[in-house]
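Here it is, the structure in full.
The first chain written gets the first letter, and so on, giving A, B and C; residue counts start at 1 in each chain.
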């Protein structure tokens, strides 16, 4: 038992060790290259905090972060709601799969970034094209995963529903959806990371505010500390999304061990 | 004067053929039998042929190729609240607790939460799962899962309970225990039971009547009324004699 | 000493969890021994120890007087799920173990014909597992296990879910195979009737932590009759003994 506890402790310490190693090598590297092309952690932190004294485009770092978050959450909300609904339709109805499903299949392989020029042409550089882009980038994973999750339902569970007198809607609600929930979640996870990537790509072209803008701006004026700072915040928020989704999963699916 | 028993279920010339691309596969062939009100009827047949399809036709999840099924005097082909089922394999919904599984049928019937929970609690207690209402199926043993399945089937107060080899996946000792318990539950709340098994000993232990089916395609080979008083003794010479008699008539399907 | 297998004080612990507790017994050469135990008592752990997939916490297993060693000793197993190699025919499956041990071809062919004849499967020798029924596949697997002339043949509930008629047939078949090959067989089951039908001796295991509760000699002549009073008597004895499972 002692051995068992020791082993477990190692697995908890190792991640901390590797992160510390990363930060240390960062510091070392930036010192070695003179600190300008690759600022060390201290200068990055200082640069970020400076936005409170001297806002960029009228906002502090918090303001920019919130703008990016607002965009991605709006886009994700639209794509998840539509993705799950269409996924349910396509997954449970063969006719719809053959019509609507095939139609959508034409658009799936198009990389979201390829849409950028078209979006700008049609909708300009306001908020709408950015949100649309996020939707385009995050719709398919959640829709496809929902559809496949629906089709994964065991026949015997459907029989149970039928035998105990369930209407089609009841069976969908009580049996099919919960079975599909793990797949739906997996789709949402992919969608979230896709959406987050796309918002930054979108912001790098014609945004007035946002983390993507900070990256572009910093790059433009050789302010690498700003670039690195924005990138790190982007990564951190991505990780936060993952973590929150995992917690939500555990809460909503207590039967999944 | 013999008591005239009502026929709860009448099956006449029931057949099922599965058609594939270039061939057909006859699974059930011209099966006819009656089920009397309140009896414990066992359909006994060798492994792997036709019994489940036969049951599915009775309960309405499988279409018939030909023949008739009458339930309570009326023609039947679809699932109805008069019948419910206990399955062999894992048929509890894994994402629902025991209580949520047991109340499924009543929920579909749009019964309010309070009254339906009361009903379900009664059956959960009846099958000996008191205290496990909020457990998930994966937390229960095989025997306990089957008990939950029985509670679920009882909760909708069906006239006819169909059981498809419910104890097949359990080890011998648990199986004996479940057979005993099933008879006790049946004594407390009488239902017409149609019980399918491939185990002769189980059939002789439980049945008022045994309908012996042949191997694929399934048709009726013989009918054995079992008049021993219940609960029966597995080691009783008469029990063993009846077992042997049935064994000689059973098909071997290699 | 015609002791083929000797198990001494076999104990297995996983952390604080004691699964097997000081199990000792021996098996004579050519004996058919049955072990019965409740589900989850550690039978699988026990079998894994015998086949040396895992090591015991303490205790020893000897075969032919020396510590059991997969490189030296030949232990074959049959499980509940048939495990015939899908890429080999029935005949090739049966010959498999002998080919691995590099016996000469003439002997291999002799052995496989003998086993196929005992199984009554000569007409099916070129059939692949995917075209066989579950019971036929299992019989091929059993034939394969016997053909290897193992030091010890382990059978873990091989007839688990089969119907009674099939069981009787297969049980008679395994007795035939056993008699002709003279193998030492350890048969695990939770079905007492099966144990009494097959075994010369029955060991009864307790619940976790598993120990040997008792041992019964089944001195009945073969073929045995399930309804004979002697059979019933022994079965009753065993049933009473395991009432506390």
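The working rule: a contact is a pair of C-beta atoms (placed from the backbone, for glycine too) under 8 Å apart; a residue touches a chain by one contact, two chains touch by 3 or more.
What you see is a predicted model, and the numbers here were worked out from it, not measured in a lab.
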item: Distance-maximising chain from chain B - centres being C-alpha averages; value: A
item: Innermost chain, where centres are averages of C-alpha coordinates; value: B
item: Chain centre separation in whole Å, for chain B relative to chain A (CA means); value: 50
item: Centre distance in Å when chain B and chain C are each reduced to the mean of their C-alpha atoms; value: 33
item: Chain A and chain C, separation of their C-alpha mean positions in angstrom; value: 55
item: Residues of chain A defined as touching chain B within the complex; value: 156-157, 159-167, 170, 174-175, 178-179, 181, 253-255, 257
item: Chain B-touching residues of chain C, taken from the complex the two chains share; value: 38-39, 133-136, 161-166, 168-169, 190-193, 226-227, 232, 235-236, 242, 245
item: Chain C-touching residues of chain B, taken from the complex the two chains share; value: 46-48, 142, 168-169, 171-174, 198-201, 235, 237, 240-241, 243-244, 247, 250-254
item: List of chain B residues in touch with chain A within their complex; value: 56, 59-61, 79-81, 83-85, 87, 89, 91, 93-96, 104-105, 107-109, 136-138, 152, 156
